[in-house]
Amino acid sequence: MSESWQQYQMRVPYKDTDQMGVVHHGNYIFWFEAARIEFMRHYGFSYFDLEERGFYLPVIDVNINYKKSAHFDDAVGIFTKINSFSPIRLTFYYEARRINKEVSNQIDNNISIETKGELLAYGTTEHTWMNADWKPARIHKTLPEVYQILKSLTS
Amino acid sequence: MSESWQQYQMRVPYKDTDQMGVVHHGNYIFWFEAARIEFMRHYGFSYFDLEERGFYLPVIDVNINYKKSAHFDDAVGIFTKINSFSPIRLTFYYEARRINKEVSNQIDNNISIETKGELLAYGTTEHTWMNADWKPARIHKTLPEVYQILKSLTS
Amino acid sequence: MSESWQQYQMRVPYKDTDQMGVVHHGNYIFWFEAARIEFMRHYGFSYFDLEERGFYLPVIDVNINYKKSAHFDDAVGIFTKINSFSPIRLTFYYEARRINKEVSNQIDNNISIETKGELLAYGTTEHTWMNADWKPARIHKTLPEVYQILKSLTS
Amino acid sequence: MSESWQQYQMRVPYKDTDQMGVVHHGNYIFWFEAARIEFMRHYGFSYFDLEERGFYLPVIDVNINYKKSAHFDDAVGIFTKINSFSPIRLTFYYEARRINKEVSNQIDNNISIETKGELLAYGTTEHTWMNADWKPARIHKTLPEVYQILKSLTS
């Protein structure tokens, strides 16, 4: 199985630090969200467009494991892929890695995982597809083109 | 003119600190919001209820002046009053003060301003009243009971 | 085994909502932090004091499972207990529950878990004890009084 | 006087929205901070480097005026310039503008202010230079190269 990663790059904002002098653990959940939204845009199922059409993807489970501290102004790449999916569920996997500041403006989605930089944290978010009535949406029927994209990204 | 203050008490959360070892300046805007919501509840015009009825009070201007740093776990009182109002506008004034941790569970809304503790920051937020169609609401006609409360709080 | 819970009560701030009209999932991690700090204060090992003495308790793993949406102005109780501990590790367990607004100023730490209100989310945070040199601290030797408290809370 | 603007570009994150369906007013203060840090890097006085050398630039006053709502996924440009400075003070001016999503990856620092896009909010932050002992630093003596940069940016 080939895996389709997407990289989202950012600088660690000052506000994300705390008095330990490192990034507060609570911020990674927001970094993962930004990376997820760029992942979806990149692969053709923009979350903005999906909400416009009346579909929502709320988070039902988050897990984050912290390996190294991130610091203010670090260049960080969030590497995202689909972990698993079904007609009603979708799970993303993320790795936050410290990347070389000099290359921070280069985005290479075919980058090999071994060379992605120092691992700071990894985690998953699990989601359910909901429709405008806030009922579970079975997307193989309601969003078949998105279901095909998810298939193609994991095969 | 007698002034009607309301005190909102809180502990400084760890997440509000940054790597300078003090509270990041951006957090006061959220402290003021929490204090404003308790002020409105205390004086009988709950913001939750107003939104339920289709009225909104978006912020159109914020000003904050910082005097002293706040630290993690400080007991802080946010002292709020109405600065000015009209049928379409409302301005709140706030003071964030470091209060004695030992008395932090006592709330005394008649506390004199001189004894409120060390001033950390003060500021204002200016708001406009909007209706459910996101048009300006002239509250002396649409929310006369709220207009009366505002009059009574500033006379 | 009797369990020692501690309840932390709060109102859902407006800023914690997002455009789905409910609390953004990322905020619970901060609610759990505030609850953990009050838990530690309540049981006699204040985190503020521990940091003053050169001990830190960084988070190495977070897991949150979301059951129901929380809304602006909801009264929420965060119920916290120790899940497990060792000389170098500490895991907390949390439940966020919607509580009756009318009783929101009553804090009853002996409240039975069945009557705590509607479950919104639950989760864990795992921590390691670190010393001022940012090395793992074996607290049965360096903080024996804290180690005793942890024993008493879980036996 | 020619003015030296710097543009910082971003996408509005989902977490920055609130239940009004627009960006919560409190987030602009963080957007301005990110823009200020990129401004300083661009013009050769990186804030990261200055802190490493023992200089700090805490905020002593913030003012923000809100004109239009920003929405999730909007491409936003923050346009920053120096408003005024002295050996001990520094004031930045910012404009947050909605920019064309199609051009959102083009950064043109010579862009004329008239064509920068729809104005969402503008504001200022005032700072004092502090040294490692948290005393005011008179930078024409302690950081003369930075003082020269500030002169060149405002003349």
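We call the chains A, B, C and D, going by the order they appear; numbering starts again at 1 in every chain.
As a working rule, a residue touches a chain if its C-beta (ideal position, glycine included) is under 8 Å from a C-beta of that chain, and two chains touch if they have at least 3 such contacts.
As the structure is a computational prediction, the values presented were derived from the model and not from experiment.
J.: If you take the chains that touch chain C and keep only those that also touch chain D, what is left?
T.: A, B
J.: Higher C-beta contact count, A-C or B-C?
T.: A-C
J.: Among all chains, whose Cα centre is located farthest from the one for chain B?
T.: A
J.: Using mean C-alpha positions as chain centres, tell me how far chain B is from chain C in Å, no decimals.
T.: Distance between chain centres, rounded to whole Å: 28 Å.
J.: Could you pull out the residues of chain C that touch at least 2 other chains?
T.: Where chain C meets two or more other chains at a single residue, that happens at 14-15, 26, 30, 33, 72.
J.: Of all residues in chain C, which touch chain D in the complex?
T.: Touching chain D: residues 14-15, 17-19, 21-22, 24, 26, 72 of chain C.
J.: Of all residues in chain B, which touch chain C in the complex?
T.: Counting only chain B, the residues touching chain C are 11, 13-15, 30, 33-34, 37-38, 46-48, 51, 72-73.
J.: Report the residues of chain A in contact with chain C in the complex, numbered from low to high.
T.: Result: residues 20, 25-26, 29-30, 33, 56, 58-66, 69 of chain A touch chain C.
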